Amino acid sequence: MDAISNSASRTALLEASGVSKSYGARIGCIDVSVTVGAGEVLGVVGESGSGKSTLMKCLSGQIVPDKGAVIYRGNDRKPVDVFSLSEMERRRLRRTDWGFVHQNPLDGLHINVSAGGNVGEALMSRGVRNYGSIRASAQDWLERLEIDPSRVDDRARSFSGGMLQRLQVARNLVAAPRLVFMDEPTGGLDASVQARLLDVLRTLVRELAVAVIIVTHDLAVVRLLADRLIVMHRGRVIEEGLTDQVLDDPHEPYTQLLVSSVLQI
Amino acid sequence: MSVQLHAEGLSKTFTLHTQGGARLPVFENIGLTVHAGECVCLDGPSGSGKSTLLRSLYANYKPQAGAVHIRHDGEMIDMVVAPPWKIVEIRRRTIGYVSQFLRVIPRISTLNIVVEPAVANGRKIDDAYASARRLLERLDIPERLWSLAPATFSGGEQQRVNIARGFVFDYPILLLDEPTASLDAGNKKTVVSLIAAAKARGAAIVGIFHDAEMREAVGDRIVEMNFSAGRIAATRATIRNDVALSRRSAPTC
Amino acid sequence: MNRISPSKPVVWTGYNFAYLDEQTKRMVRRALLKALAIPGYQVAFGGREMPLAYGWGTGAIQVTASIIGPRDRLKVIDQGSDDATNAASIRRFFRSVTGVETTASALDATIVQTRHRIPETPLRENQVLVYQVPSPEPLRKIEPRESETRKMHAYAEYGPMLLTLYEDIARYGRVASAYNCPVIVNERYLASPSPIPKFDNPKLSHSPAIQLFGAGREKRIYAIPPYTSVRSLDFEDFPFEPSRPDGRCSLCGSETSYLEEVIMDDVGGRMFVCSDTDYCRRRREGKGEGPVRAARAKA
């Protein structure tokens, strides 16, 4: 039930130190050091342009930082520097150990492919070559994400926005990743749809003890999902701590502004 | 009895950067010691820092100075400097916190909200649900509500769900922030007996109760907090307790 | 023999032998050698403008032009037929720019340029089969970015390719695509067999002949050297099956050749005949494989 009930987060799964990346004169992120434990959900909050996405891309090996290192400890594997891996090894890591949930589900799905195909592709990528078992896992995962499993053969294009996002989550969790990167996963969804997604995510993330790095500007989302928060402002991490500490007792001026700017209902 | 919680030299000042950097000192250099089987009540006028202290003990607020030593697995651990995963573990297994308000999670049923701490601590599922049901019954939550998410419940009902959640697992330390604020007499009595039972099994309890009656009923000691002084002004023993009064800035209660 | 070039060919003057200049041929040959060295790997080459539109075999024509010599005998087929427009015009083109002999016989030809079929007659060593390839990249359907498909090939990330088969089974209960079923060449590179019917896929494997593939629009060449393993993609529980329409050829009675439907009139009359016209004719003339007379008698 509880995320850290296995208290596995003592061992860092991903450890970034001194990560900096700028785009010419424009700053992406500066000197960011951050750790994610196994089974831990880390929230990254901050306004647009604060460097959240750049950090996420560096951590997930999509862009190479100007400075700093990202160390990943895989299953029974020695710690590896993500950027000293060959491209092939890095791609394999992304395929076998990691998942990516994009803000726009269309970036992470094939719109003309069936729900089962979208979910099953992750398994095929890992070498599963049995149609029956792929389809069965896909149905199982649709059900876990509260999508009617009888829709397994329907094309993704016939799904609503909220269902697409859940489909994308299913596609990412089916192959049992150890770390999932989520970029504003609830971004374009309306409130009730968002609540359902969050609830499902919360349950699954805890059940599977998968580590998650979730980038969002929505504090309610991290309150519900994240064990720990880092707050980014102008490319730097300005505050970090347990989610409730940062949200209930923010110290930095910017964090206070962020927290106090949330509308109450 | 052994010391379960020992805070010392705690200072907390809020700096409101969004309001011109206004500084709100809440308390300075205060201490508090709670033994197993003891219930300490924090008292003082509204705004005197009772909740802030309680939240600091839970590491929800981060004090500027001082230490909050918590007995966890037989070891004293300082919540102020413990790493986040350690705090999460301590909160799961050692410290229960019952606030005035229930944080409702969309779509999670009342029964599942209540049972969660017990399950998270590895109680057998059947036992955990049995305890959860028993507590909800005792706290007068009608069974037809158990399968519903408590978002639409009344304030009193939500509070009782919160209390049930706090008592479903036998935490060695319990922090209670006005758990009985909007309860009727009958439910207050139930809470009194829950607290008494917790004390009897050796729990160390720190509570804030708005009414004197409640404090008299459960408290072994009362700690007076005084905002103007920014420190704990006094502690006094209740009628049923003989712990010595101590004055001055850093009382070791 | 079944020469389609009747009398003496009229060779156009003013053109280099086989239309392309020698430097271009050398460039194409270098690409071909590389392609043969890395079976199934798509080699980029400097495709030239040819005197016909993309989609009509410009890639394969450049390959043929680069390997053809004065003593070669050329056969050109389109969907198995020597007489289709595309085949006839390419054959006439090569006759005009090389003066080589052309033939309809798969037995006599040294080079067979083909669109969408492999001849029924087993090919042998010292024959070259040149395929016209409309889209050389089998991964394109699932990945539109060239930069990405190149990496997928480089790192042999072919898992997602099964997705197309998965979709077929999900929708039709079987692998419904009857042609262009992707193959793994030499257990390494994923390749498009050009849109040959999957009936022909098994013939790709361990063929004694050299198989060359040319795509003019994409300017890519790839190859399958003789006696190279070629495996069609499939699932464990849906193994690859080379399908063939049921029935027999109305002309030669073959029950094993690949058939095509011919509409006879506008009231629904139709018949099935061999798609490989050379094979069908040889059987009817009693020269082909199998007892034609017996088959006819049965019919």
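Should a chain be cited, it is by its letter among A, B and C, assigned in written order, with residues numbered from 1 in that chain.
Everything that follows uses one rule, which is that a residue touches a chain if its C-beta (ideal position, glycine included) is under 8 Å from a C-beta of that chain, and two chains touch if they have at least 3 such contacts.
Just so it is clear, the model here is predicted, and its values are computed rather than measured.
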Shortest chain-hopping distance from chain A out to chain C: 1
Chain whose Cα centroid lies nearest the overall Cα centroid: A
Far-end chain from chain C, centres as C-alpha averages: B
Between chain A and chain C, centroid-to-centroid distance (C-alpha), Å: 47
Mean-CA-position distance for chain C and chain B (Å): 79
Distance between chain centroids, defined by C-alpha means - chain A, chain B (Å): 34
Of all residues in chain A, those that touch chain C in their complex: 87-88, 91-92, 95, 110, 113-114, 116-117, 120-121, 124-127, 129-132, 134-135, 152-153
Residue ranges of chain B in contact with chain A within the complex: 15-18, 55, 59-62, 84-85, 87-89, 92, 105-108, 116, 119-120, 122
In the complex, chain C residues that touch chain A: 142, 151, 154-155, 157, 159-160, 162-163, 165-167, 169-171, 234-238
Chain B-touching residues of chain A, taken from the complex the two chains share: 1-5, 7, 9-10, 37, 40, 195-196, 198-199, 202, 224, 227-228, 241-242, 244-245, 248-249, 251-253, 256-257, 260
